[in-house]
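As structure tokens, here come the structures.
Two complexes follow with chain A in common, the first pairing it with chain B and the second with chain C.
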Partner chain A sequence: MSDQTLVPARRSARRGVRIGPVGLAVRPWPVVATLLGLAVLVVLVVFSTVTGTLDLPLDRVWAALTGAGTRIEELVVLDRRFGRAMVAVLIGFALGCSGGLTQSITRNPIASPDILGVSAGAAATATFILTIPGAVGDATSASAVLVPAALLGGLVTTVLILALGWRGGFSCLRLILVGIAVNALAASLTTWLLTRASLDSAAVASRWLVGSLDGVRYDDLAWLLPVVLVGLAASLVLSRDVAALRLGWDIAGSLGTPPGRTEGLALAVAVVLAATTTALAGPIGFVAFVAPQAAMRLFRTAGPPPLAGGLVGAVLLLAADMVAQRLPVPLPVGVVTAVVGAPCLLYLVIRNTRRASV
Partner chain B sequence: MSEPVAESVTDLVLSAHDITVGYGAEPVLRDLRVDLPRGRVTTIIGPNGCGKSTLVRVLSRLLRPSAGEVRLDGVPLQTFRGRQLAARLSMLPQNPLAPEGMTVGDLVARGRQPHQPWYRQWSPEDEEIAAEAMRHTGVDELAEWPLDELSGGQRQRAWIAMTLAQQTDLMILDEPTTHLDLAHAVEVLDVVVGLRRHAGKSVVLVLHDLSLAARYSDHLVVLDRGGLVVEGPPAEVMTEPMLASVFGLKAHVFPDPVAGLPTVVPASHA
Partner chain C sequence: MAACVGGCLVLAVLLSLALGSRAIAPGEVLGAIFSGLDSDNATVITSQRLPRTILGLVCGLALGMAGALMQGHTRNPLADPGLFGVNGGAGLGVAVLVFGFGVAAPEAIVFAALVGAGAVSVLVFVAGLGALRGGALVQLAVVGTSVAALCTALTSALVLLDKQTLDVLRFWDAGSLAAPDRSAWGLVMPLMGVGMVLALANGVALRELALGEEVAQALGTRVATARVVGIAAITLLCGGATALCGPLAFIGLVAPHVVRRACAHDYRWLVPLAGCAGAVLLLLADTIGRVVSPPGELEAGIVMAVIGAPVLLSIARAKRLVSL
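Take a look at the complex of A and B:
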């Protein structure tokens, strides 16, 4: 027994604030990290609003933002730049938060909606709608049809994953296998739908299926903002019970939280967040998986944090989209996130396998 | 430990009536009836697979029996709300696993959760209670260490500190001495049993080591194949015929020279 190992003393330094009946533990580093993350986000949004292919001087950008610009300036600055940046921020937040919730309740880094195929399932039903001639009218009303369709697909896929993956717990290997199967199933369904579609709608759907912010517009914020706010509120309310669940089902129960209800609610919120983003921008891979894992290391928290994961996801997706747009040949953002995310998945799988075999 | 075990119903902290878990010819627990005296240390012993952990999960409401009822202070467990029950009954399962990077201090502070409304997750009083629990188990100097960098024994003591911080009248600990060498096992059991003495708490343990069980318990409950074999004070329960029939263990039992408590020495054929 290595209990005799002498380790230098590090006594408790948990500090907190108390205002009236409200009390919160405050750790200096996560507060600093949050402020830094927000600062980076603001810098990125400002940078992507004032720069672009069209050379606009700063005063014209300001004019466009305040409603004093020309139609073209407003279209470029508000829709193409600021609108797109804000959509990237919200979608990135939704994805990171969604992944943080699912990774926490399963205690498994592999369990994020993109790796498991929830996004792919949502994409399959959305493709079904996209390829029905006339089902999606003009661009402004597309979201009203796509969001419910993607939600339905996401929920059905989740039920499928739970049925296939749950064996009194989620093992890492089993989840990867289920993810491969569900992703393949959804992909083949999507391909089949595309072969039956007209050339026009197939072209639109294919572009969308890579995960791209090219099609998003300022108006999409109206869909995203409420969903993200609900996700944010739910994560706040659930945060303590989710944290208890990280200690295991039995401990969560003996601390007085209802573990089954926590899992169900967190999963539902995660699926709504992931499916909504899929409806608007296609299945953008790896952000939901990478962001909470990165946040856990950056914020030095125990377990992947949903809210900090959302912040990192927002920074990640906005940065990826800015890179994707500024490449010599502009790429869909999904390609960039895949290039960054796939090695992280490999790293975690290799490390998990090593741990299991030691 | 010499006082007689309470007999009347009001002196029972927890009582299980005709508990059955599972169905068919061989349920995990079958028509089990156990009464746990208040303010005492009760230890559940029995061979592997006899249903000890299942019973402990039923007693702490983590598992709903297919038949029967458990009462805490005479009130059915099902009538308690989650945090209400958690403020009165704590349970530490076998081999708990903390998330990577979690510090001892954060873990122990989690034990205060049943006493905290959602808007007050920190207070100086809660911190003081958590710090005291860490001092009791000797992990106060490790507060800022992540659990995954500590030894098994240090980790286990941190978990026990979390359970102590929950400040319940009844503590249920499933194999709290796993991963501990004898010196640390004794240290942990001294802490747990000391609480019983000084604060009048009721403690339910599951232990593998029969001599430790006899030493630290006021009341022993012996399970075999999902049923109750015998219960009572260690001196009456821990006998050579019982060990032979329940554990299939040929052993000598004799009173130790200091406290006169039954000590189990296996008979070796080697």
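Take a look at the complex of A and C:
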């Protein structure tokens, strides 16, 4: 090869390795950031397993974890603390991942599953189920009814929003406005259901409507784990196509990815992830929106990354739940995420406004 | 055109008085009000329906005017005190007061609602005027809905901690004219009256402001004063309406659009006419809610969402999103 005839190579800021004709950019930062994120996650899980209102010494916690503790110790450590932490991690991952997917395919930082109506639709159908007397027997079998209902509600709402937002193509702007309108309809349906219900089921439903991990049990991991694994696998498979889609519909096509198929698949995965978490823990606001945006900045990627968004979402939700539980009056985690997330959204919107682009 | 809107208003008032779980003939309605007719139906009208109709009239006027003011100041066709969280802010103010201080006196509730509404409308104005300079439209809608979401989340947190508050607020949340408590009327209605006068006066400045801030200034409008008067009027109108009948969305969005499509673009006329259209809408929504599911009632806020969401959809689906 006549390297000398080419334009003198600029010193690239990006290091790489080159073996024969194959070149590969080495980007150490995402690896470092992933390891750091995992480390923070592990520290948080350990902390929330070890500490709590019941003062257990370290060796008793270890005994409970290895199966040598008393029943009460096992109940507290395994079910209440470790189980809850795991649920928070998985739900946070699902939300962050789902947000990363929707934000990537719409190329819009504001298009989280909340705006696309998944949560509101899922919440409306789940409230419908919750307020029918006798439909939800005991707490252990609730998920078996709630999860399919919420999935159905989330899917129907999203399809409705996409259908109404379609005018020979999707404009992000139009999609958001249609989302606001349909969300308002779903919310008023939920309010109506609440006024019709008995006070007891209204109390249950409105506690659930803020998004809380209180009602989530160890057994619910059986629902959550497969869904999160599917999300993880799908994000891995789709990550290259989704990244190409960020460059725009036409460019993605010319890079060899079928853009329509990628959008459809990614959207379906995002809806399943978000609706399942809504069914189990209620609509936990703003995590799906904040996590991918934070991940994009922390991992220094070009767009909101689904997998890294999931990692950040897990850290965020676990931390928010620990804060919510340790307040003088325990609050549902959805309140904490809203208080943290809404200002982030405002900041992002106002900053975007200065750049005069959506 | 004004006569047409006025006619609709009279019709809506009559319908609101005549229809309900028991329909009463219009002649008897008029007789009960004007000639002191004495019958069972007359008692129903004067003791049950008349206060409710007055409440709907005042709150509808207030919300319609507030919507026109918000759309005029932010020059955003999507502005609505309900969607943009002003009503939510008022609700949060009330919840904080009831939960935090255990006070449920009408004066305190009105004050809390006004403070909440004022804080949010200032925030929306700041964000909205910023968005105006950036030339973007949707940002304000997103800011508004996320402020509304924040207020709702905080309100529900307070509600969750206390079952008694939930029992009160779950009905109040839906937005209804059926509020039985009339003790706050004497305090709120004069405040809303002041708000309406301010709004009407503000319409003159808005007409100039619609040409842009610089042009308005060159024409002799005091821009800063006009903005402050606008915020004060919106706060009084929305805070008052929310304190009386809960957070009602969509009236402030739909009413100005109806008036604009029908007749007026001049804000001097648009503000009062949007008020009348708002009153018509709220009274109709309330009447529909009373008739549609006997023996129960559908709250006016829920009926308004069913009427208003399609209007928002049609604005969103328009070929070109126009800035005002």
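Heads up, the rule we're going with is that the second predicted complex is superposed on the first by the 314 of 358 C-alpha atoms of A that agree within 3 Å, B and C clash if a C-alpha of one lies under 4 Å from a C-alpha of the other, contacts with A are read in each partner's own complex, and residues count from 1 in each chain.
Assume a contact is a pair of C-beta atoms (placed from the backbone, for glycine too) under 8 Å apart; a residue touches a chain by one contact, two chains touch by 3 or more.
Because the structure is a prediction, the values reported are computed rather than measured.
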Once the shared chain is lined up, is A:I19 touching chain B (first), chain C (second), both, or neither of them? neither
If you stack the two complexes on chain A, which partner ends up touching A:T301: first (chain B), second (chain C), both, or neither? first
Could you tell me if A:P332 is touching chain B, chain C, both of them or neither one (first, second, both, neither)? second
Contacts of A:W192 with chain B and chain C, given as first, second, both or neither: second
Just to be sure I read the superposition right, which of the two partners does A:I176 touch: chain B = first, chain C = second, or both, or neither? second
Just chain B (first), just chain C (second), both, or neither: which does A:L58 touch? neither
Where on chain A do chain B and chain C both make contact? none
Sites on chain A touched by chain C in the complex: 110, 164-165, 167, 173-174, 176-178, 180-182, 184-185, 187-188, 191-192, 194-196, 199, 202-203, 206-207, 209-210, 285-286, 329, 331-332, 334-335, 338-339, 342-343, 345-346, 349-350, 352-358
If we count contacts the way the header does, which residues on chain B are in touch with chain A in the complex? 57, 60-62, 82-87, 89-93, 96-103, 105-107, 109-111, 113-114, 117-124, 127, 130-131, 134, 140-146, 149-154, 166, 179-181, 184
Chain A-facing residues of chain C, complex: 78, 83, 127, 130-131, 134-139, 141-143, 145-147, 149-150, 153-154, 156-157, 159-161, 163, 166-167, 170-171, 173-174, 249-250, 296, 298-299, 301-302, 305-306, 308-310, 312-313, 315-317, 321
Chain A residues within the chain B interface of the complex: 1-5, 7, 9-14, 16-18, 21-26, 107, 237, 240, 243-244, 246-248, 250-251, 253-258, 296, 300-303
